[in-house]
Amino acid sequence: MHYTQIKKVLDAVKTGTLSPEDAAEKLKHLPYEDLSFAKLDHHRHLRQGVPEVIFAAGKTEKQVLLIAQAMYKRSGRFLITRASEKVYRSLKIKGAEFHAASGIIAVGSDTKKSGNVLVLTAGTSDIPVAEEAAVTAMFLGSSVHTVYDVGVAGLHRLMDNRDAFKKARVIIVVAGMEGALPSVVGGMTDRPIIAVPTSIGYGTSFGGLTALFAMLNSCVPGIAVMNIDNGFGAGCLAHRINTVR
Amino acid sequence: MHYTQIKKVLDAVKTGTLSPEDAAEKLKHLPYEDLSFAKLDHHRHLRQGVPEVIFAAGKTEKQVLLIAQAMYKRSGRFLITRASEKVYRSLKIKGAEFHAASGIIAVGSDTKKSGNVLVLTAGTSDIPVAEEAAVTAMFLGSSVHTVYDVGVAGLHRLMDNRDAFKKARVIIVVAGMEGALPSVVGGMTDRPIIAVPTSIGYGTSFGGLTALFAMLNSCVPGIAVMNIDNGFGAGCLAHRINTVR
Amino acid sequence: MHYTQIKKVLDAVKTGTLSPEDAAEKLKHLPYEDLSFAKLDHHRHLRQGVPEVIFAAGKTEKQVLLIAQAMYKRSGRFLITRASEKVYRSLKIKGAEFHAASGIIAVGSDTKKSGNVLVLTAGTSDIPVAEEAAVTAMFLGSSVHTVYDVGVAGLHRLMDNRDAFKKARVIIVVAGMEGALPSVVGGMTDRPIIAVPTSIGYGTSFGGLTALFAMLNSCVPGIAVMNIDNGFGAGCLAHRINTVR
Amino acid sequence: MHYTQIKKVLDAVKTGTLSPEDAAEKLKHLPYEDLSFAKLDHHRHLRQGVPEVIFAAGKTEKQVLLIAQAMYKRSGRFLITRASEKVYRSLKIKGAEFHAASGIIAVGSDTKKSGNVLVLTAGTSDIPVAEEAAVTAMFLGSSVHTVYDVGVAGLHRLMDNRDAFKKARVIIVVAGMEGALPSVVGGMTDRPIIAVPTSIGYGTSFGGLTALFAMLNSCVPGIAVMNIDNGFGAGCLAHRINTVR
Amino acid sequence: MHYTQIKKVLDAVKTGTLSPEDAAEKLKHLPYEDLSFAKLDHHRHLRQGVPEVIFAAGKTEKQVLLIAQAMYKRSGRFLITRASEKVYRSLKIKGAEFHAASGIIAVGSDTKKSGNVLVLTAGTSDIPVAEEAAVTAMFLGSSVHTVYDVGVAGLHRLMDNRDAFKKARVIIVVAGMEGALPSVVGGMTDRPIIAVPTSIGYGTSFGGLTALFAMLNSCVPGIAVMNIDNGFGAGCLAHRINTVR
Amino acid sequence: MHYTQIKKVLDAVKTGTLSPEDAAEKLKHLPYEDLSFAKLDHHRHLRQGVPEVIFAAGKTEKQVLLIAQAMYKRSGRFLITRASEKVYRSLKIKGAEFHAASGIIAVGSDTKKSGNVLVLTAGTSDIPVAEEAAVTAMFLGSSVHTVYDVGVAGLHRLMDNRDAFKKARVIIVVAGMEGALPSVVGGMTDRPIIAVPTSIGYGTSFGGLTALFAMLNSCVPGIAVMNIDNGFGAGCLAHRINTVR
Amino acid sequence: MHYTQIKKVLDAVKTGTLSPEDAAEKLKHLPYEDLSFAKLDHHRHLRQGVPEVIFAAGKTEKQVLLIAQAMYKRSGRFLITRASEKVYRSLKIKGAEFHAASGIIAVGSDTKKSGNVLVLTAGTSDIPVAEEAAVTAMFLGSSVHTVYDVGVAGLHRLMDNRDAFKKARVIIVVAGMEGALPSVVGGMTDRPIIAVPTSIGYGTSFGGLTALFAMLNSCVPGIAVMNIDNGFGAGCLAHRINTVR
Amino acid sequence: MHYTQIKKVLDAVKTGTLSPEDAAEKLKHLPYEDLSFAKLDHHRHLRQGVPEVIFAAGKTEKQVLLIAQAMYKRSGRFLITRASEKVYRSLKIKGAEFHAASGIIAVGSDTKKSGNVLVLTAGTSDIPVAEEAAVTAMFLGSSVHTVYDVGVAGLHRLMDNRDAFKKARVIIVVAGMEGALPSVVGGMTDRPIIAVPTSIGYGTSFGGLTALFAMLNSCVPGIAVMNIDNGFGAGCLAHRINTVR
């Protein structure tokens, strides 16, 4: 449950538009709401700075819809990741946006954007993961800028975009194959870097493991590494850093 | 080469205490200084926010000493990680401190500390890695606070220290074995979390791989993960986030 | 062959309703019944406390049906795991129940339930494995209680259900991703804990291996670990412990 | 802190031999005792049924001794695993026993033994792990019986000891190499079985991984599996099952 | 090219039914026959005791048919493994037999069977691999006997078939999951044992790797191990041993 | 952008058939052309000796077509690897050739062939990878010769083709399964050898990893190894060596 | 217990030189002799064709000596593998031979040699494993011939020794690195081949795993594969095949 | 046996300074010289362009010395890799040079250097492997140039040395950790590149595997990859390419 949601409840009590009984009813959901197959953690936003998010993969369509509706009812917003267009169509919630490249469904993105998150990719095939990161960070309230296909085989493409580095507060670098881009970017900036390995590649790319391990072994110290294809996590971390107090 | 170092050179020229010729001599090292077996990147601090650091493991003692002396001569400060006490004794540089638990030798720590980095460990055996992180962040100029041995087998020890979470701008969580602590901490705070897996454990801990993979798979989104036992990297990232502008 | 089955045969001989010849015929199956492609171990229940169970995956539908019919004929009960609804429909045995979430077909569940097995899951996606465990333990004669979606990202959901721990004789904890829940539960109870890793997750979850290894490395000593997604095994072990004499 | 310890404190208050102030002093340690590098969880016995145990590997000798002394002072008992004889000699605590085969130091074993735990090994080289399990279970209060070197290459040695199976409430089976013994034992008994893989073997035994994976894949359902060489965990679990209420 | 084929050619020359020119034409194929995409090694039987065999997986249907026809033309016999029924139907060669369980197509099996190869399986799901071994050995001229579903969870099923051990010259043991059967069989006989791991199992069975490694680590010395699911190789080796001179 | 392309532009300016303005327009693409989802590196040929190539796997069909058209417009030539026939049909560019075995689409192959590259395969199933190498090297301007199915099980097939070794400047050896062919070839020649492991095999071939590792461990020193199934890379390297100045 | 040993006992009873009581005493050891830490399986030779052998690695020196003495007392012969010279010196048993290259101690080798086992190595460093195989097979009663350092980098060395192939009944091929030799030998003979991978190599030889996997994937069908460095197992299998009835 | 060696023999016959008998004696060693534990392949240089080289690791000191002496006697030159200084001291051959950094002993380096091989390293710790490559290529007759410590964290160090690229015919790039340098160098040159991963790094560098896999997955096509730390192989390949005809 969003802080402003709670405040609204309390204000309504104060101004008399909500009876204390009804307020209590609303607030008792604070700990969590039990759907039996899922326990919705409505005050996660308050506690962790990021609301509970629905990871669609591994859940039945019906479970996703029921959770989304329960969350929408409480807070008017939610984010579903790794969703199909079919789920989006069944959802029927006004204002829901489907981001096809990343498979994200978003309702109630924070409209006030702050800070500056830069998202880079090494290649064209890394874009879906980059989009997952970008959409997530924007949903949470970060301003985001993207530059795609600037891998190390043609460094001049990267050099040309160095101005973008200086404007960013955090940089997300998305790369598959040998995962070398974060090291090269890291050698050129003092901004915190979040490296996201992708499953792009074949043979000994091992579905992204090689890029992951390369990033964990970067000769540039202090690069934050995410799980393979985890654009969503990168978006969350970038937002946390972007809004660090 | 530290920004203030460059400025001092230029100021000295302005005030006449340094001839333009000598200043040129000093500044021409800006790109790097070539020791043949090593090319010292003196302006890394300017470019990356973190000065070049000497990773002693894998270098001969003689190489470490020559690099340290060259760096000391330029900037009056350096950091050596994974060093033995023997190296420290051979070094003979005034003001050098040897941190035995983590094997760090530091000269010229930034004396002005800012922000607040919290370092937690799951167990007693994780302390050397935590100390590497803490000493590094302090060297770079961050204020650091530590709480050790608060693993998930006794959650009350962690709960008791929740106040420390609120005061921190960034939290480093160091854990071996099943690596569960970052997830539990992540469920209780909105601060950026840096997880450092350690090689503590046996059998299927695989020298820290299990903790690493567990951290990359945390159900709390957006945890930054480091290589196994990489306290140094965690200290660098924490400092970058702690001082993000 | 169930102990009560054997006793019934012998009683029938005693009371004269079964000729010694027919009894012999029935009992000679004691060692096993040879279907050529399968040798049914009818007295496994007597020997191991758990009857032979049909693992459908990897067998042809025809093999599954023939084995099930042979077992039904001997003892009036059987359990098929990892079965499709199609197998269930072809089976045509009265009283057979199909548990869709877990893919179990059960006939002749023990109606007298004893003891108390608690089944927890970290997330919604872990439910199918948890159901496999719960249905198995109930089939064997254990009383079972379930609490789902109480993962470590929101500990208050778990804390709220602590009463259930005290009532249980054994606790099954089902979790994917980083597999941290068994450690946290293990820190709060003195009951035997059975941890079941699930294949939920992606990237470095390695289809459940990371959860498995995390559980084997738990900082809480003495957690029993099962193969990935092996709800059936967890149900068997829970029942064995629940009825230990 | 042991339940009887707490009760003794309270009784002493009741009978007047302890002032309420002193009792408070003693009990305030209930949550944990902070040695800075370690936070001792004195009431773990109360909560988990097993007291906190000192895992010596990875700790400095000094840390082990300080923790042991602090624990001894509170409860008069402790267990150190993976300890060297050198630690034992430095300890100088009366009544401390050093079990050389398993590297365990025990003080204050529970003298009242109950139930029956059977410990089997496949070979001679598996004995140290089996001893770790046996000593642990005995320390916690279980009655233990051992039969060694009954691997599957000579089944008659196992058959000869089948009587021991019937007397046991729980069976610990310790095996390296191909790890086949738990399956064979599991086919002959209805007791809960705890399988402990050992690092005995070479080449593709992978330091015990092959035995571990074989045990997790046993065709006998419901075998509890431990980490490699984790005799201590097996002892804890066996005791928990042996004393299940 | 089969020895008897060569002899027939030479005999024909001797008796005048074949001109020396035509004989030369036939024999010049001895080294190999070049189909450009394949070089058929017709005298492999002479050299290795086993004719060249067509492994269908990874070849186009057209390639398989062309190779089969070329081989049939030379020697009147061939074996295709891992073939689909579709390939069999396209083949249109008289006398070709399709073994559905194993996916083998055989033409010209050696009709004189000698020696005795015993093939055992641990479970029902291992039968396809066992059939591949059995059909191969029979094709090459070995007498074969099979006993299925005698895994270690019910040892009495194995004990009941011990007579078969004594009659065999070689024993092939096919098993998935924990792969324990070869060790148990090996403890009961002095015949050479060929162990074939199968991909039956899930989770940490790793598609047969665990069974493979278990077999390589058998506590019974001298067990011959094959690649996963390699029934064909086991059949070849069994035949070589069965006919060793 | 091809060197001759640049020269043509400059010549056209010199001869007056192109205005300096138009020439500038054409040349300003030198650094790269930005399609937003892709940054085309038109002067890669100049810099690396090999033009930028479109790896179709992982890109949408639409992305592949747009990149191909942009490249075609600049230089009149391109190479697409791992493409389906469907992409080829949508392409509609005159002179485009589709190589079905390897999935390559080529436009504008260099017509002047020089040097001599020999491509060998161990088996029939390795041909698609070999074709990828051969087509690539020919596209870049190398003369190529192929000999297929000369694996080590029938060494005489290889011996028969030894003359081809002497004529080659570079030899590409493509092999799956145990990957032994490069070692055997390497023992017979002084030409640089490029080994390409293929994913042909099953079980412990691990999709080509075993062949890869075998090639990296060859007892013949100095064999160049490529990623699994990377015929394209082998073709590039062979061409670079074939044309080394 | 050796068959001739038993017969001697029975003959002695028949001839009156041994009382039935003493004979019973001797024969009651038939099942096994219990040393508590080891249960000696004296009739393993009768059952498996190979006597129980002492694998010294992982046992204490004292255990090895006690087992050796007990075995010597019963049968006058034993084999210890992976033993140090120190164990040999402590043994003090007349006629014991120490084979330094392989670390074998043998007493009572079968003096009647039969059949013919050929042992080949790829390199000089593979000799210790080859010697373990050779000494074992000789101890068991096989005639053995060795040819070392005939790896595939210089095939003429192998070709030169082809006569040895024809004289052998079984061929053991010992190789590390890429493990290609068994395939090449297998292409040249119809004898059963036993491949033994060694841990010779570095980097991606993975301590012998690459050679092991290469051998399991040989393009020559039906090669028997042993665990890494398992010369002993190869010797046992070779002897079983060499003496197959 | 070196070509010039053979020619000298024949010339000596022609000029009468050597009797045909003695010449035959000398030449009969052509196939190989049998030391029993090693078969020296003296004409490997003729056949493969690189003489047989002694890999000291895994051989006894005595074996190394005997092989070296035999080779020295035939051709007056040899190369020993991975040798200790102790071996060098025992060797006592005039003109032998010990390269301490790489552990190479060389006698009879080719004095006529041709072509140009450039050797780069990412860091200081990679120098020993680079030296192994450099010394090997020089021994074989290549001209070699080295530039060390130019890793991607400070690209300006690499840019500064770009002139060296243009002068080289082949470039060897040696790097550990994330292994990114070959990709970056590959993006800047059209010369054949040989990438050598080193075991420098910790945690998920897996002893060089991560660098190896990164190099195999380079986004720059056609990079030749060597086994981990295999400087010797890189030197051989570089020389073969450098002298390609």
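A, B, C, D, E, F, G and H are the chain letters, set down in written order, and residue numbers restart from 1 in every chain.
The rule is short, and it goes like this: a residue touches a chain if its C-beta (ideal position, glycine included) is under 8 Å from a C-beta of that chain, and two chains touch if they have at least 3 such contacts.
This one's a predicted model, so the numbers in the text were calculated from it and none came from an experiment.
Undergrad: Counting C-beta pairs in contact, which chain pair has more, B-D or D-E?
TA: D-E
Undergrad: Compare the contact pairs of E-G with each of A-B, B-C or E-F and report the one sharing over half of them by residue number.
TA: Most of the E-G contacts reappear at A-B.
Undergrad: Tell me whether chain A and chain F, two copies of the same sequence, contact each other through the same residue numbers or different ones, using over half shared as the line for same.
TA: Result for this pair: different.
Undergrad: For chain C versus chain D, what separation do you get between their C-alpha means, in angstrom?
TA: 28
Undergrad: Using mean CA coordinates as chain centres, what's the chain C-chain G distance in Å?
TA: From the centre of chain C to the centre of chain G is 44 Å.
Undergrad: Quick one: report the Å distance separating chain B from chain G, using the average Cα coordinate of each chain.
TA: The separation of the two C-alpha centroids amounts to 55 Å.
Undergrad: Need the CA-centroid distance for the pair chain B / chain E, whole Å please.
TA: Here the centre of chain E sits 61 Å away from the centre of chain B.
Undergrad: Mark out which residues of chain H touch at least two other chains, giving numbers and ranges.
TA: Within chain H, the residues that touch at least two other chains are 48, 153-154, 186-188, 203-205, 209, 212, 216-217, 220, 227, 230.
Undergrad: Can you work out from the touch definition every pair of chains that touches here?
TA: Result of the pairwise touch check is A-B, A-C, A-F, A-H, B-C, B-D, B-H, C-D, C-E, D-E, D-G, E-F, E-G, F-G, F-H, G-H.
Undergrad: Along chain E, where are the residues that touch chain D in the complex?
TA: 122-123, 151-155, 177-180, 183-184, 186-188, 201, 203-206, 209-220
Undergrad: Sort out for me which residues of chain A touch chain F in the complex.
TA: Residues in contact with chain F: 124-125, 127, 148-150, 153-154, 156-157, 160, 200, 202-205.
Undergrad: Can you list the chain E residues touching chain G in their complex?
TA: Those residues of chain E that touch chain G are 47-50, 53, 169-170, 186-192, 194, 212, 216-217, 220-227, 230, 232-237, 239-242, 244-245.
Undergrad: Sort out for me which residues of chain B touch chain H in the complex.
TA: Residue positions touching the partner: 31-32, 36-39, 41, 44, 48, 52, 57-59, 63, 67, 199, 207-209, 212, 227-230.
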